[in-house]
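Here chain A shows up in two complexes: once beside chain B, once beside chain C.
And then the complex of A and B:
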C-alpha cells in the first residue's frame, strides 16, 4: 500500500513536470503551427545551464532555475530568428515539412553538441533543499516537493499570463488568426519569437526542477519529448489547460503502470513504452488529438 | 547534352564494378556501408520526398528486418537469403499496416506516430534481452565465408541496383506522379481521382520493405546487431543524407548517402564532432538550399556548355506555388 502511495505521489510530481514541457510544445504549436521536435533538447539544455550556473557562479539552485529560464528564453528567440523565419513567408512551400526537418535537425545538432561539451556521464546538481519529509508512512524527498510546488506555481503564473495579461491575450489572438490579429495591431512576428522563447523557458524550468531527482545526461530529452507529444495529443494541440490535465494524468498512469507491472526488472523500460503506446492509440482514434481546439490546426 | 546523367550513372556503375578488386579492405567496407545507406536514403526519399510522408520509423523497419532475419536463421537454420526475404516480407506488411493506420494523419502527426513506433521497437528490442541479446548485441551468421569482403561488395551493389530500379520505375511511372500529387495537396489529388489511401499504403509498404532489405543485409554483413540500429541518431543521419543530396529525387539521395558516408570516414579522427557537423549541414541546407546540394550543382555543371535558357522559376512562385 505504501509503495502504491509513493507511486501516486511521484506520478503527480512527474506529471507536473511533464505538463511544463508539454505546455511549451502546445504554445509553440498554436502560434508557429509546427511541432517542435527539438523541445526535448531545449529541455536538456536548460537543465545543464542551471547546473553550470550553480557550480560555477555559486548561485543557489532556485536562482539558477530562473537564470536558466531567462537564458533559454533568449536562446529560443535566437533559434527562432535564425531558422524558423521561412515559416512565415508565403514563398515557402510545405511549411510543416520544413518545420519538421529543421527542428529535427536542430534536435540532432543540440544532442550531439551536448554530448561533446557536457560529456556522456550523468551529472547531478545539488538539491534545492536537502532532506526527506515523512508524512505518515510516506517518505518524500524535499526535492520532489520543491519540484512539484515550483512547477505548480509556474503553471499558475503561465495561466495568469495567458488569460489575464494583454500579451497573453495577444498570443491567443495570433493563435486564432494571424491576419485578424495583424488587423487589430498585433505584430504576429513578435509573438512567434515570444512563443518559442516561452516554450523554451518552460522546458528549462522543468529540466532544472527534475535534475536533482534524476540526473542530467545529453540524451535525457528524447523520452520527455515523446511524453510531451503524448500529453499534447491527449490534451489537445493548442490547449494549455488540456496539457496540464493530461500531463498529470500521464504521470499518474505511468506511476501506476510501474507499480502494477508484473516483472519489476522490466517495469521501468516498459513504462516509457507504455506512454508511447498511449500516444499511438490516441492518434489512431483521433488523428488530431482528443480535445483539439478547432481553430488550431495545420495550415 | 541529353541523357548525360544516364551515361554518368552507367560509367560510375561499371567503374565501381571493375575497380572493386583494387579497393583495399578499408575502403571496401566504406563502400559497402555507403551502399547500405544508399538503399535507406533513397527509399526514405520515396516516402518523404515524393509522397510527403515524413516517417521517422524508417530505421525501425531496417532494425526489424535485420532482427527477423538473424533470429529466424538462428532458430530454424534456414538459409540466410530466405531469412532476409522473410524480414522484407514482414516489414512490407508491417509498413503497409502503419501506412493504413496513419491514413488520416497529416505531416507532423505522422512523424510523431512513426517516432513513437520506432521508440517502441527500440525499447522492446533492448528490453527483451533473453531473445534479442539486448544492448550486448546479437551475433548473426555471416552471409559469406570468404577471405575478403568482395562477395559482400557485389551483393550490396546488386541490392542497391535492385532498390534503385524499383524506386526509379515507380517514380517515373504514373504512380510517381500520383505520389507527388499526394505530397502537394491530398484533397486536390483525391478530387482528381488519385486513390489516396492505396498510394499512401503502397509508398509505406515499399519503402519499409526496402529498409528491411538493407537492414537484413547489414545484419549478416556486420555480424552483430544492436537495437541502436533503430536509434534516432542513425535516423537523423539518413535524413541528413537524403536532404543534402536532395530528397525529391532518388539518385541524388543516393549521392547524398555516398557523400556523407565518405565524409564520415575521412573525418573519423574528429569522432563525435562529425555528427555536429552533419547537424549544421542539415540546418544550413534546409535553410538556404531546400532542393539539396546535388541538384543545383548538377545544373551548374551541365549549364556551362549550353546556351542560356531562361532560369527556372524559383520554388513557390507559379500556379501551384502560392498556397496559403
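And then the complex of A and C:
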C-alpha cells in the first residue's frame, strides 16, 4: 500500500508541474492560435532567472520564483511584440507557418544563447525547504511537497483569474471569437500580449519549482516541450481545464507505468512512449481530446 | 651634384632591392600555412555539451602551447572545432565538412560513441586519421579501420575493472540503470558476463539519456527482495545528478545496506557536487587518468595551466583531449609531413609520454577491439569520502595495485 501511495504522490506532483507547463501552451494557443515551440525554452529561462535571483540578489527561493514569473511575463510580452505581431496582419498569408517558423527559430536562439550566457554545466538552486518528510512508510522530499503545493495554488489562482476576473473572462472571449470579442469592445491585440506573458510566467513557475529536483541545463526544455503537447492534445486543444486534468493524468500514468509494468527492466525506458500511447487511445475514443472544443485559425 | 644623384639612386635601388628580397621571405616566415586539424564533439544540446566544452578547452590549451613553441615542421597548428550536438547525423556532416571543406589532415575528439561511429565511417572512406578521445564502445576499434585510433580506454577495459571490483567488494545483488546508447550498452554487455561468472545477481534497467525523473524506478528498486546491495549507474550525462539525488532522498543509496557507483564520467566534472551535494558522498566512480600519486610533470603542468586558464580543474576527458592533440602533432613531426598514410604509420609507432602516461597503440586484432587501442590506458576507481572532493583527491579503491586505502568499498554508517 505504501508503495502505491508513494508512486501516486510522486506522479501527482510531477503531473502538477506538467500541467503548469501545458496550461501556458494552451493559453497561448487558444488566443494566438499558434503552437509555441519555444515554450520549453521559456521554461528553461524561467528556471535560470530564479536561480540567478537567488544567487546574486540573495532572495529566498520562493520569492525568486515569483520574481522570475514577473520577469518572464514581461519577457513574453516583449517577444510577442517583437516577433508575433505579423500574425495579426492581413498581409501575412500563411499565419500558421509563420507562427511555427518563428517559435522554432526562437527556441533554437534561446537555447543556444543560454548555452553561451549560463554555460554548459548543470546548475542546481538551493532547496525550498531541505529535508525529507516521513509519514509511515512514505518518504517525500520537502522540495517535492513545495513544488506540488505551490503548483496547485498557482493553478487555482489561474482558474480564479480565468473565471472570476474581467481580464480572464475577456481572455476567454478572445479565445472563442476574436471578432465577437472586438464587437463588445475588447481589443484582441492587447490580449495576445497578455496570453503570451501569462504562458511564459507559468512556464517559469514550473521550472523554478522543479529545478531543485532536476537541476537546470540549457537543454532542459526539450522533453517538457514534447510532453506539454501530448498534454495539450490529450486535454483538448485550447482547454485550460483539459490541460490541467491531462497534465496530472500523464504524470500519474507515467509514474504508475514505471512502477507496475510487468517487465521491470523495460519500464523506465518506455515511460515516455506510454504517455504517447495514452494520447493515442484517448484520441481514438475522443478525437477532440478530453475537454476539447473545435477551434479555428486566427480570424 | 651628379655624385649625390648617383648615391641617391643607388640608395633607392638598394632599398627597393632589399625590400623585394626581404618582404617575400618575411611573408613566408610570418604567414606559414597552418596545418589544419579537425575537432568533433558535443557543444550544444542534446549532446553532453558540458564534457564537450572541457575537451575543447583542453585542445585549445594544447594547440596554444604547441604554437607558442613554433608549431610543427615550422608551421602553426590550426583547429576547426565542430559541434556535433551528440547526434550521429551531425557527426557525419561535421566529419564531411572537416575533410572536404576544411581539408584537415587529422580529426580528434568526440564524447558519444554513437556519434563517433558515424564520424569514423567518413574518416575511413576518405583515408583520414581520426583519434577517438572519450568514446568507450568496443566496436569503435573492433571495426578494424586503419584510420581509427583511441586514447580512451574501451568498455572491455573499463567494465572489466568494474566487474572485478564488484566481486572483490563482495556485492551479491546489484541494481543497474544504464543509458540506452552505444556506450551504455557496450558497458552492460561487458559487465554482465563477469557478474554472472561470479554468481552476482543483478537486474538491469535501460533509460533514455535525457531522462530526469527516476523516482518511480528507484521506489521499485527499494521494494526488491532480497534488497540490492549496490546501485550501479551507467550514465554519461547530467541525468546522473537527479538520479543520485533521488536515490539519496528516497533512502535507497548510498546507505549502510546499498552502495552507489557511476561509470560514464559525470561524477568527475566540476559541477557534480554543486548538483548532488551530500548525496555524492560514498559514490564510486572511475578516473581514466593517472592517479595523483602517479602524476608526471606533464600531468602536473596540465592541471595547473588548465585550472589557471579556465578557473576550473580539468576532468579526465580534458586530459585525454590534451594528450590526443600532442599525439597527432608528434605523428606529423615524425612523418615529416601531413600525408594521411604516413600519418597513420607514424601514429602506429607512437611512444609519446603525455599526461596519462606513455602512449602506444596495439596493432593486433586479438581481441578485435585491440586494434589501434591504447591498451595501457589508465582506469582506476575512486570513492568520494568527503563532500566536494575532487576525483584526484578521492581515495583509489581499485585496482588494488594502485589503491590508496585498505578497503574496496566504504559503507556509510548505519
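The definition used in the following text is that the second predicted complex is superposed on the first by the 260 of 299 C-alpha atoms of A that agree within 3 Å, B and C clash if a C-alpha of one lies under 4 Å from a C-alpha of the other, contacts with A are read in each partner's own complex, and residues count from 1 in each chain.
Convention: a residue touches a chain if its C-beta (ideal position, glycine included) is under 8 Å from a C-beta of that chain, and two chains touch if they have at least 3 such contacts.
Please read these numbers as outputs of a predicted model, since none were measured by experiment.
Student: Where does A:112 make contact in the superposed view: on chain B (first), on chain C (second), on both, or on neither?
Tutor: Both: A:112 reaches chain B and chain C.
Student: Look at A:188 in the shared chain and tell me whether it touches chain B only, chain C only, both, or neither; answer first, second, both or neither.
Tutor: In the superposed model, A:188 contacts neither chain B nor chain C.
Student: Per the contact definition in the header, classify A:104: touching chain B only (first), chain C only (second), both, or neither.
Tutor: first
Student: So, does A:266 touch the first partner chain B, the second partner chain C, both, or neither?
Tutor: Both: A:266 reaches chain B and chain C.
Student: So, does A:63 touch the first partner chain B, the second partner chain C, both, or neither?
Tutor: So A:63 meets neither chain B nor chain C here.
Student: Can A:283 be said to touch chain B (first), chain C (second), both, or neither?
Tutor: Once the two structures are laid over each other on A, A:283 reaches chain B alone.
Student: Going by the contact rule stated at the top, is it chain B or chain C that touches a larger number of residues on chain A?
Tutor: Touching more of chain A: B.
Student: Let me test your reading of the model: by the given contact rule, A:222 touches which partner, first (chain B), second (chain C), both or neither?
Tutor: Both chain B and chain C are touched by A:222.
Student: Does any part of chain A touch chain B in one structure and chain C in the other, and if so which residues?
Tutor: 111-112, 115, 222-223, 266, 269, 272
Student: Chain A touches which residues of chain B in the complex?
Tutor: So the residues of chain B in touch with chain A come to 48, 52, 54, 56, 101-102, 104-109, 111-113, 115-117, 119-120, 123-124, 126-127, 183-184, 232-233, 236, 239-240, 243, 272-273, 275-276, 278-280, 282-283, 286-287, 290, 314-317, 321-324.
Student: Chain B touches which residues of chain A in the complex?
Tutor: Per the stated touch rule, the residues are 34-35, 37, 82-83, 86, 90-94, 96-102, 104-113, 115-116, 222-223, 226, 229, 233, 266, 269-270, 272-273, 276-277, 279-280, 283-284, 287-288, 298-299.
Student: Of all residues in chain A, which touch chain C in the complex?
Tutor: 3, 6-7, 10-11, 14, 111-112, 115, 119-124, 132, 139, 141, 213-215, 217-220, 222-223, 254-256, 258-259, 264-269, 271-272
Student: In the complex formed with chain A, which residues of chain C make contact?
Tutor: Spelled out, the residues of chain C in touch with chain A are 43-46, 49-50, 52-53, 177, 180, 203-208, 210-217, 219-220, 223, 238, 241-242, 245-246, 249-251, 269-271, 274-277.
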